[in-house]
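Below: the structure, in C-alpha coordinates.
In this document, chain identifiers A, B and C correspond to the written order of the chains, with residue numbering beginning at 1 in each.
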Amino acid sequence: MKYRLAERHKLLRVITKMLVPPIMLFGLYVQFHGDYGPGGGFQAGIIFATGIALYGIVFGLDKAKAVFPMGWARNMIAGGVLLYAGTGVWSMLQGAQFLNYNVLAHEVAHAQHYGILLVEFGVGMTVAGVIIAIFYSFAGRPPRMSDEDW
Amino acid sequence: MADLDHLSGLVLGLYNYWIVIALMMTGLYIVMACGNLVKKIVGLNVFQTSVFLFYISMGKVEGGTAPILTGDPAEMFSNPLPHVLILTAIVVGVAGTALGLALAVRIRESYGTIEEDEINAADVSDARLGKGGRA
Amino acid sequence: MEIYVNVVLMGMLAIIALAIVRVRHLFAAVMLAGVYSLVAAIVFVSLDAVDVAFTEAAVGAGVSTLLFLGALALTTRREKVTPNRSFVPLLVVLAIGAALVYGTLDLPKFGDPQAPVQTHVAPFYIQDTRDSIQIPNIVTTVLASYRGFDTLGEVVVVFTAGIGVILLIGRAHLSQRRHDDDESGEEA
(Lines give C-alpha, C1' and ligand atoms only; values in the text may rest on other atoms or scores of the structure.)
Protein backbone atom coordinates (compact mmCIF):
# COMPACT_ATOMS: atom_id res chain seq x y z
CA MET A 1 0.00 0.00 0.00
CA LYS A 2 1.48 3.35 -0.96
CA TYR A 3 0.97 6.22 1.46
CA ARG A 4 1.13 9.86 0.53
CA LEU A 5 4.17 11.69 1.79
CA ALA A 6 2.31 13.53 4.53
CA GLU A 7 0.84 10.33 5.95
CA ARG A 8 4.17 8.52 5.80
CA HIS A 9 5.64 10.96 8.27
CA LYS A 10 2.64 11.10 10.56
CA LEU A 11 4.57 9.90 13.60
CA LEU A 12 7.27 12.51 13.06
CA ARG A 13 4.72 15.29 12.72
CA VAL A 14 2.87 14.38 15.91
CA ILE A 15 6.03 13.99 17.98
CA THR A 16 7.50 17.23 16.62
CA LYS A 17 4.37 19.17 17.46
CA MET A 18 4.56 17.89 21.01
CA LEU A 19 8.30 18.44 21.37
CA VAL A 20 8.97 21.89 19.93
CA PRO A 21 7.38 23.94 22.77
CA PRO A 22 9.27 22.06 25.54
CA ILE A 23 12.49 22.47 23.54
CA MET A 24 12.03 26.23 23.42
CA LEU A 25 11.09 26.31 27.09
CA PHE A 26 14.18 24.27 27.94
CA GLY A 27 16.29 26.72 25.93
CA LEU A 28 14.95 29.62 27.96
CA TYR A 29 15.46 27.67 31.20
CA VAL A 30 19.09 26.96 30.33
CA GLN A 31 19.59 30.64 29.46
CA PHE A 32 18.40 32.07 32.73
CA HIS A 33 19.58 29.29 35.04
CA GLY A 34 23.10 29.38 33.68
CA ASP A 35 24.13 31.06 36.90
CA TYR A 36 23.00 28.22 39.13
CA GLY A 37 23.87 25.17 37.10
CA PRO A 38 25.48 24.21 33.84
CA GLY A 39 24.24 26.35 31.03
CA GLY A 40 24.44 29.91 29.84
CA GLY A 41 24.06 31.82 26.63
CA PHE A 42 25.73 29.52 24.11
CA GLN A 43 23.90 26.36 25.04
CA ALA A 44 20.55 28.18 25.24
CA GLY A 45 20.93 29.76 21.81
CA ILE A 46 21.78 26.43 20.24
CA ILE A 47 18.88 24.61 21.90
CA PHE A 48 16.41 27.29 20.82
CA ALA A 49 17.69 27.20 17.24
CA THR A 50 17.47 23.40 17.24
CA GLY A 51 13.77 23.64 18.07
CA ILE A 52 13.13 25.89 15.08
CA ALA A 53 15.31 23.67 12.86
CA LEU A 54 13.38 20.57 13.90
CA TYR A 55 10.14 22.27 13.00
CA GLY A 56 11.60 23.28 9.64
CA ILE A 57 12.84 19.79 8.84
CA VAL A 58 9.54 18.04 9.56
CA PHE A 59 7.00 20.58 8.34
CA GLY A 60 8.89 22.25 5.50
CA LEU A 61 10.92 25.40 5.22
CA ASP A 62 8.01 27.65 4.22
CA LYS A 63 6.08 26.89 7.39
CA ALA A 64 9.19 27.44 9.51
CA LYS A 65 9.82 30.76 7.80
CA ALA A 66 6.20 31.72 8.42
CA VAL A 67 6.61 31.03 12.14
CA PHE A 68 10.08 32.55 12.51
CA PRO A 69 10.92 34.82 9.58
CA MET A 70 14.47 35.35 8.36
CA GLY A 71 14.23 39.02 9.27
CA TRP A 72 13.83 38.13 12.96
CA ALA A 73 16.96 35.97 12.81
CA ARG A 74 18.94 38.82 11.23
CA ASN A 75 17.73 41.27 13.85
CA MET A 76 18.61 38.86 16.63
CA ILE A 77 22.13 38.45 15.30
CA ALA A 78 22.80 42.16 15.39
CA GLY A 79 20.75 42.78 18.52
CA GLY A 80 22.76 40.32 20.59
CA VAL A 81 26.07 41.95 19.77
CA LEU A 82 24.55 45.38 20.42
CA LEU A 83 23.23 44.23 23.80
CA TYR A 84 26.63 42.90 24.85
CA ALA A 85 28.59 45.94 23.71
CA GLY A 86 25.83 48.22 24.96
CA THR A 87 26.23 46.85 28.48
CA GLY A 88 29.90 47.73 28.29
CA VAL A 89 29.18 51.22 27.00
CA TRP A 90 26.54 51.72 29.72
CA SER A 91 29.21 50.92 32.29
CA MET A 92 31.42 53.53 30.68
CA LEU A 93 28.60 56.08 30.81
CA GLN A 94 28.27 55.41 34.54
CA GLY A 95 31.90 56.33 35.02
CA ALA A 96 33.81 53.02 35.16
CA GLN A 97 35.78 51.16 32.50
CA PHE A 98 34.28 49.21 29.63
CA LEU A 99 32.42 46.09 30.86
CA ASN A 100 32.98 46.84 34.55
CA TYR A 101 29.71 45.64 36.04
CA ASN A 102 30.27 47.02 39.53
CA VAL A 103 28.60 50.35 38.69
CA LEU A 104 25.33 48.91 37.37
CA ALA A 105 23.70 48.66 40.81
CA HIS A 106 24.40 49.58 44.42
CA GLU A 107 25.83 46.30 45.72
CA VAL A 108 28.66 44.54 43.98
CA ALA A 109 27.01 41.08 44.02
CA HIS A 110 23.73 42.38 42.55
CA ALA A 111 25.51 44.50 39.98
CA GLN A 112 27.61 41.57 38.81
CA HIS A 113 24.49 39.44 38.59
CA TYR A 114 22.69 42.01 36.43
CA GLY A 115 25.70 42.43 34.19
CA ILE A 116 26.12 38.68 33.71
CA LEU A 117 22.41 38.20 32.95
CA LEU A 118 22.37 40.95 30.32
CA VAL A 119 25.57 39.81 28.69
CA GLU A 120 24.54 36.15 28.57
CA PHE A 121 21.21 37.11 27.04
CA GLY A 122 23.05 38.99 24.32
CA VAL A 123 25.21 35.96 23.64
CA GLY A 124 22.16 33.68 23.51
CA MET A 125 20.36 35.97 21.07
CA THR A 126 23.29 36.13 18.68
CA VAL A 127 23.99 32.40 18.72
CA ALA A 128 20.31 31.50 18.19
CA GLY A 129 19.99 33.98 15.34
CA VAL A 130 23.15 32.77 13.64
CA ILE A 131 22.25 29.08 13.78
CA ILE A 132 18.71 29.73 12.50
CA ALA A 133 20.03 31.95 9.69
CA ILE A 134 22.60 29.33 8.70
CA PHE A 135 19.94 26.60 8.71
CA TYR A 136 17.62 28.70 6.53
CA SER A 137 20.49 29.44 4.13
CA PHE A 138 21.47 25.80 3.73
CA ALA A 139 17.89 24.57 3.45
CA GLY A 140 16.82 27.31 1.08
CA ARG A 141 19.11 26.31 -1.76
CA PRO A 142 17.52 23.99 -4.30
CA PRO A 143 18.78 20.50 -3.49
CA ARG A 144 20.73 18.31 -5.89
CA MET A 145 19.54 14.93 -4.66
CA SER A 146 16.00 13.67 -4.32
CA ASP A 147 14.83 12.16 -1.07
CA GLU A 148 15.10 8.60 -2.37
CA ASP A 149 18.76 8.81 -3.30
CA TRP A 150 20.01 8.79 0.28
CA MET B 1 57.96 -5.21 40.26
CA ALA B 2 58.79 -1.57 40.96
CA ASP B 3 59.50 -1.14 37.24
CA LEU B 4 56.05 -2.46 36.37
CA ASP B 5 54.41 -0.08 38.84
CA HIS B 6 56.45 2.81 37.49
CA LEU B 7 55.53 1.91 33.92
CA SER B 8 51.84 1.51 34.67
CA GLY B 9 51.87 4.79 36.59
CA LEU B 10 53.46 6.49 33.61
CA VAL B 11 51.00 4.95 31.15
CA LEU B 12 47.91 5.75 33.24
CA GLY B 13 49.18 9.22 34.01
CA LEU B 14 49.76 10.10 30.37
CA TYR B 15 47.21 7.80 28.67
CA ASN B 16 44.76 10.64 28.05
CA TYR B 17 47.39 12.74 26.33
CA TRP B 18 48.57 9.89 24.12
CA ILE B 19 45.04 9.12 22.95
CA VAL B 20 44.60 12.84 22.28
CA ILE B 21 47.72 12.81 20.13
CA ALA B 22 46.40 9.77 18.22
CA LEU B 23 43.09 11.55 17.59
CA MET B 24 44.87 14.74 16.55
CA MET B 25 47.04 12.85 14.08
CA THR B 26 44.01 10.98 12.70
CA GLY B 27 42.24 14.29 12.10
CA LEU B 28 45.35 15.74 10.46
CA TYR B 29 45.66 12.68 8.24
CA ILE B 30 42.04 13.05 7.11
CA VAL B 31 42.63 16.71 6.26
CA MET B 32 45.81 15.96 4.33
CA ALA B 33 45.05 12.73 2.54
CA CYS B 34 41.35 12.89 1.60
CA GLY B 35 40.49 14.83 -1.53
CA ASN B 36 36.81 15.41 -0.77
CA LEU B 37 36.20 18.86 0.73
CA VAL B 38 33.39 17.78 3.04
CA LYS B 39 35.50 14.91 4.41
CA LYS B 40 38.32 17.37 5.04
CA ILE B 41 35.97 19.47 7.16
CA VAL B 42 34.94 16.33 9.09
CA GLY B 43 38.65 15.68 9.73
CA LEU B 44 39.04 19.25 10.94
CA ASN B 45 36.22 18.68 13.44
CA VAL B 46 37.94 15.52 14.71
CA PHE B 47 41.15 17.51 15.17
CA GLN B 48 39.39 20.35 17.01
CA THR B 49 37.58 18.02 19.40
CA SER B 50 40.86 16.28 20.25
CA VAL B 51 42.39 19.65 21.19
CA PHE B 52 39.41 20.30 23.48
CA LEU B 53 39.99 16.93 25.15
CA PHE B 54 43.62 17.90 25.72
CA TYR B 55 42.76 21.13 27.52
CA ILE B 56 40.03 19.60 29.66
CA SER B 57 42.29 16.68 30.61
CA MET B 58 44.87 19.18 31.81
CA GLY B 59 42.30 20.92 33.98
CA LYS B 60 41.08 17.84 35.80
CA VAL B 61 41.99 17.57 39.47
CA GLU B 62 41.90 14.19 41.16
CA GLY B 63 39.23 14.25 43.87
CA GLY B 64 37.71 17.43 42.53
CA THR B 65 34.24 17.99 41.19
CA ALA B 66 32.46 20.20 38.67
CA PRO B 67 33.17 23.90 39.34
CA ILE B 68 29.76 24.83 40.74
CA LEU B 69 29.62 26.22 44.30
CA THR B 70 27.39 24.32 46.69
CA GLY B 71 28.04 26.16 49.94
CA ASP B 72 30.53 23.65 51.29
CA PRO B 73 33.60 25.73 52.15
CA ALA B 74 36.19 22.97 51.87
CA GLU B 75 35.52 21.33 48.52
CA MET B 76 37.95 20.93 45.67
CA PHE B 77 37.05 21.93 42.15
CA SER B 78 38.47 21.10 38.78
CA ASN B 79 40.07 24.11 37.16
CA PRO B 80 37.34 26.31 35.60
CA LEU B 81 39.65 28.26 33.32
CA PRO B 82 40.15 25.60 30.59
CA HIS B 83 36.37 25.09 30.59
CA VAL B 84 35.87 28.74 29.69
CA LEU B 85 38.47 28.65 26.93
CA ILE B 86 37.01 25.49 25.41
CA LEU B 87 33.43 26.84 25.56
CA THR B 88 34.53 29.72 23.37
CA ALA B 89 36.54 27.41 21.13
CA ILE B 90 33.62 25.02 20.52
CA VAL B 91 31.33 27.78 19.31
CA VAL B 92 34.05 29.35 17.15
CA GLY B 93 34.67 25.87 15.72
CA VAL B 94 31.09 25.41 14.64
CA ALA B 95 31.13 28.88 13.08
CA GLY B 96 34.20 27.91 11.07
CA THR B 97 32.59 24.62 10.05
CA ALA B 98 29.50 26.45 8.79
CA LEU B 99 31.62 28.84 6.73
CA GLY B 100 33.70 25.98 5.30
CA LEU B 101 30.60 24.04 4.30
CA ALA B 102 29.07 27.14 2.67
CA LEU B 103 32.27 27.54 0.64
CA ALA B 104 32.13 23.85 -0.36
CA VAL B 105 28.56 24.30 -1.57
CA ARG B 106 29.55 27.30 -3.68
CA ILE B 107 32.55 25.44 -5.08
CA ARG B 108 30.30 22.57 -6.08
CA GLU B 109 28.01 24.97 -7.88
CA SER B 110 30.89 26.65 -9.71
CA TYR B 111 33.10 23.69 -10.61
CA GLY B 112 30.62 20.83 -10.55
CA THR B 113 32.76 18.79 -8.16
CA ILE B 114 34.17 18.91 -4.65
CA GLU B 115 37.18 16.65 -5.17
CA GLU B 116 40.42 18.54 -4.71
CA ASP B 117 42.33 17.13 -7.69
CA GLU B 118 39.49 17.80 -10.14
CA ILE B 119 39.26 21.41 -8.90
CA ASN B 120 43.00 21.86 -9.35
CA ALA B 121 42.85 20.38 -12.85
CA ALA B 122 39.98 22.74 -13.76
CA ASP B 123 41.97 25.73 -12.48
CA VAL B 124 45.08 24.68 -14.43
CA SER B 125 43.09 24.25 -17.63
CA ASP B 126 41.39 27.61 -17.04
CA ALA B 127 44.77 29.29 -16.67
CA ARG B 128 46.07 27.58 -19.79
CA LEU B 129 43.05 28.76 -21.79
CA GLY B 130 43.51 32.29 -20.48
CA LYS B 131 40.16 32.54 -18.70
CA GLY B 132 39.74 34.33 -15.38
CA GLY B 133 38.59 32.79 -12.11
CA ARG B 134 35.18 31.20 -11.72
CA ALA B 135 32.43 32.98 -9.79
CA MET C 1 37.13 3.05 39.14
CA GLU C 2 36.63 6.29 37.31
CA ILE C 3 39.98 5.89 35.63
CA TYR C 4 38.76 2.71 33.91
CA VAL C 5 35.67 4.49 32.56
CA ASN C 6 38.00 7.14 31.20
CA VAL C 7 40.30 4.54 29.61
CA VAL C 8 37.43 2.72 27.88
CA LEU C 9 35.81 5.92 26.59
CA MET C 10 39.04 7.30 25.15
CA GLY C 11 39.66 3.94 23.49
CA MET C 12 36.21 4.16 21.88
CA LEU C 13 37.06 7.63 20.59
CA ALA C 14 40.20 6.33 18.91
CA ILE C 15 38.25 3.52 17.25
CA ILE C 16 35.59 5.92 15.95
CA ALA C 17 38.25 8.27 14.55
CA LEU C 18 39.92 5.39 12.70
CA ALA C 19 36.53 4.37 11.30
CA ILE C 20 35.99 7.91 9.98
CA VAL C 21 39.25 7.64 8.06
CA ARG C 22 38.34 4.34 6.42
CA VAL C 23 34.70 4.95 5.52
CA ARG C 24 33.94 6.08 1.94
CA HIS C 25 30.25 6.93 2.13
CA LEU C 26 30.03 10.55 3.27
CA PHE C 27 26.72 10.09 5.07
CA ALA C 28 28.29 7.41 7.24
CA ALA C 29 31.30 9.66 7.90
CA VAL C 30 29.01 12.49 9.04
CA MET C 31 27.07 10.17 11.34
CA LEU C 32 30.30 8.82 12.80
CA ALA C 33 31.43 12.38 13.43
CA GLY C 34 28.21 12.96 15.37
CA VAL C 35 28.85 9.83 17.44
CA TYR C 36 32.43 11.00 18.02
CA SER C 37 31.18 14.31 19.41
CA LEU C 38 28.67 12.55 21.65
CA VAL C 39 31.29 10.19 23.15
CA ALA C 40 33.57 13.20 23.61
CA ALA C 41 30.74 14.89 25.54
CA ILE C 42 30.53 11.83 27.82
CA VAL C 43 34.30 12.01 28.37
CA PHE C 44 33.91 15.67 29.30
CA VAL C 45 31.34 14.73 31.94
CA SER C 46 33.74 12.18 33.43
CA LEU C 47 36.41 14.91 33.51
CA ASP C 48 34.08 17.21 35.57
CA ALA C 49 33.51 19.67 32.71
CA VAL C 50 29.71 19.77 32.70
CA ASP C 51 29.30 23.09 30.85
CA VAL C 52 31.67 21.95 28.15
CA ALA C 53 29.88 18.61 27.84
CA PHE C 54 26.55 20.40 27.44
CA THR C 55 27.93 22.61 24.70
CA GLU C 56 29.79 19.82 22.91
CA ALA C 57 26.71 17.59 22.85
CA ALA C 58 24.47 20.39 21.60
CA VAL C 59 26.96 21.70 19.05
CA GLY C 60 28.80 18.61 17.89
CA ALA C 61 26.04 16.04 17.89
CA GLY C 62 23.28 18.52 17.06
CA VAL C 63 24.05 21.58 14.99
CA SER C 64 27.21 20.30 13.31
CA THR C 65 25.50 17.14 12.05
CA LEU C 66 22.61 19.27 10.79
CA LEU C 67 24.99 21.53 8.84
CA PHE C 68 26.89 18.59 7.37
CA LEU C 69 23.68 16.92 6.21
CA GLY C 70 22.53 20.18 4.65
CA ALA C 71 25.85 20.49 2.82
CA LEU C 72 25.68 16.85 1.70
CA ALA C 73 22.23 17.42 0.21
CA LEU C 74 23.76 20.22 -1.85
CA THR C 75 26.94 18.38 -2.91
CA THR C 76 27.68 14.66 -3.26
CA ARG C 77 27.19 11.49 -1.29
CA ARG C 78 30.34 9.51 -1.95
CA GLU C 79 34.00 10.20 -1.77
CA LYS C 80 36.03 9.48 -4.88
CA VAL C 81 38.50 6.65 -4.38
CA THR C 82 41.96 7.96 -5.23
CA PRO C 83 44.53 5.27 -6.01
CA ASN C 84 47.61 6.00 -3.97
CA ARG C 85 48.16 9.31 -2.25
CA SER C 86 48.37 8.31 1.38
CA PHE C 87 52.07 7.52 1.80
CA VAL C 88 53.53 10.96 2.42
CA PRO C 89 50.70 12.15 4.72
CA LEU C 90 51.07 8.95 6.76
CA LEU C 91 54.81 9.54 7.19
CA VAL C 92 54.30 13.17 8.16
CA VAL C 93 51.58 12.26 10.64
CA LEU C 94 53.68 9.51 12.26
CA ALA C 95 56.67 11.83 12.57
CA ILE C 96 54.62 14.61 14.18
CA GLY C 97 52.91 12.11 16.47
CA ALA C 98 56.22 10.70 17.65
CA ALA C 99 57.54 14.19 18.38
CA LEU C 100 54.40 15.07 20.34
CA VAL C 101 54.58 11.86 22.40
CA TYR C 102 58.18 12.70 23.23
CA GLY C 103 56.96 16.14 24.30
CA THR C 104 54.27 14.75 26.61
CA LEU C 105 56.85 12.94 28.74
CA ASP C 106 57.44 16.26 30.53
CA LEU C 107 53.82 16.98 31.31
CA PRO C 108 52.56 16.68 34.90
CA LYS C 109 50.58 13.52 35.53
CA PHE C 110 46.88 13.50 34.78
CA GLY C 111 44.88 14.80 37.76
CA ASP C 112 47.82 16.16 39.74
CA PRO C 113 46.54 18.87 42.14
CA GLN C 114 49.96 20.53 42.35
CA ALA C 115 50.39 21.02 38.63
CA PRO C 116 51.34 24.60 37.69
CA VAL C 117 48.04 25.13 35.87
CA GLN C 118 46.05 24.46 39.07
CA THR C 119 47.98 26.88 41.28
CA HIS C 120 48.22 29.95 39.07
CA VAL C 121 44.99 32.00 38.78
CA ALA C 122 42.29 29.36 39.31
CA PRO C 123 42.30 29.56 43.16
CA PHE C 124 41.84 33.33 42.88
CA TYR C 125 38.82 32.97 40.57
CA ILE C 126 37.21 30.36 42.83
CA GLN C 127 37.79 32.40 45.98
CA ASP C 128 36.68 35.70 44.47
CA THR C 129 33.51 34.12 43.11
CA ARG C 130 32.72 32.97 46.64
CA ASP C 131 33.43 36.40 48.12
CA SER C 132 32.25 39.10 45.75
CA ILE C 133 30.11 37.70 42.93
CA GLN C 134 28.36 34.86 44.79
CA ILE C 135 27.01 33.09 41.73
CA PRO C 136 27.27 29.29 42.00
CA ASN C 137 28.44 28.54 38.45
CA ILE C 138 32.11 29.56 38.43
CA VAL C 139 32.46 28.91 34.69
CA THR C 140 29.74 31.49 33.97
CA THR C 141 31.37 34.09 36.20
CA VAL C 142 34.76 33.61 34.59
CA LEU C 143 33.18 33.63 31.12
CA ALA C 144 30.97 36.69 31.56
CA SER C 145 32.74 38.73 34.22
CA TYR C 146 36.43 38.03 34.68
CA ARG C 147 37.06 37.22 31.01
CA GLY C 148 34.12 39.14 29.58
CA PHE C 149 36.16 40.86 26.92
CA ASP C 150 37.15 37.53 25.37
CA THR C 151 33.49 36.53 25.23
CA LEU C 152 32.70 39.78 23.42
CA GLY C 153 35.31 38.86 20.83
CA GLU C 154 33.80 35.44 20.47
CA VAL C 155 30.28 36.80 19.96
CA VAL C 156 31.67 39.04 17.22
CA VAL C 157 33.30 35.99 15.60
CA VAL C 158 29.97 34.12 15.58
CA PHE C 159 28.30 37.26 14.19
CA THR C 160 30.87 37.42 11.38
CA ALA C 161 30.44 33.75 10.54
CA GLY C 162 26.67 34.22 10.36
CA ILE C 163 27.05 37.18 8.03
CA GLY C 164 29.53 35.22 5.92
CA VAL C 165 27.20 32.27 5.45
CA ILE C 166 24.24 34.52 4.66
CA LEU C 167 26.30 36.32 2.02
CA LEU C 168 27.63 33.09 0.51
CA ILE C 169 24.50 30.96 0.24
CA GLY C 170 21.71 33.06 1.67
CA ARG C 171 20.25 34.00 -1.68
CA ALA C 172 18.83 31.07 -3.60
CA HIS C 173 20.47 31.87 -6.91
CA LEU C 174 19.95 28.99 -9.27
CA SER C 175 23.58 29.18 -10.32
CA GLN C 176 23.71 26.05 -12.41
CA ARG C 177 25.42 27.69 -15.36
CA ARG C 178 28.47 25.86 -16.58
CA HIS C 179 31.54 27.98 -16.89
CA ASP C 180 32.44 27.03 -20.46
CA ASP C 181 29.46 28.70 -22.08
CA ASP C 182 29.94 32.01 -20.30
CA GLU C 183 32.62 34.51 -21.18
CA SER C 184 32.43 37.07 -18.40
CA GLY C 185 32.36 34.59 -15.57
CA GLU C 186 30.80 37.01 -13.11
CA GLU C 187 27.41 36.69 -11.43
CA ALA C 188 25.18 39.70 -10.85
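What we mean here is this: a residue touches a chain if its C-beta (ideal position, glycine included) is under 8 Å from a C-beta of that chain, and two chains touch if they have at least 3 such contacts.
In this text, all values refer to a predicted model and were calculated from it rather than measured experimentally.
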Is the C-beta contact count larger for A-C or for B-C?
B-C
Give me the ID of the chain with the smallest distance between its Cα centroid and the all-protein Cα centroid.
C
CA centre of chain A versus CA centre of chain B: separation in Å?
25
Centre-to-centre distance between chain C and chain A (centres being mean Cα positions), rounded to whole Å
20
Whole-angstrom distance, CA centroid of chain B to CA centroid of chain C, is 5
Can you list the chain A residues in contact with two or more other chains?
37-38, 40, 42, 127, 130, 134, 137-138, 141, 144
Sequence positions of chain C contacting 2 or more other chains
50-51, 55, 59, 63, 67, 70-71, 74-75, 135-137, 139, 143, 151, 158, 161-162, 165, 168-169
Among the residues of chain B, pick out those that touch two or more other chains and give their numbers.
66, 68, 87, 90-91, 95, 98, 101-102, 105, 108
Contact residues on chain B for chain A in the complex?
66, 68, 87, 90-91, 95, 98, 101-102, 105, 108
State the interface residues of chain A toward chain C in the complex, per the touch definition above.
30, 34-40, 42-43, 46-47, 49-50, 53, 74, 77-78, 80-81, 84-85, 88, 98-99, 101, 108-109, 112-113, 115-116, 119-120, 122-123, 126-127, 129-131, 133-145, 149-150
In their complex, what parts of chain C are in touch with chain A?
27, 50-51, 53-55, 58-59, 62-63, 66-67, 70-71, 73-75, 77, 132-137, 139-141, 143-145, 148-149, 151-152, 155-156, 158-159, 161-163, 165-166, 168-170, 172, 174
The chain C residues in contact with chain B across the complex are 3, 6-7, 10-11, 13-14, 17-18, 20-21, 26, 29-30, 33, 36-37, 40, 43-44, 47-52, 55-56, 59-60, 63-64, 67-68, 70-72, 74-76, 79-80, 82, 85-86, 89-90, 92-94, 96-97, 100-101, 104-105, 107, 109-113, 115, 117-118, 121-122, 125-126, 129-130, 135-139, 142-143, 147, 150-151, 154, 157-158, 160-162, 164-165, 168-169, 175-176, 178-179, 185-187
Complex contact set, residues of chain B against chain C
9, 12-19, 21-30, 32-39, 41-43, 45-46, 49, 52-53, 56-70, 76-84, 86-88, 90-99, 101-106, 108-115, 117, 126, 131-135
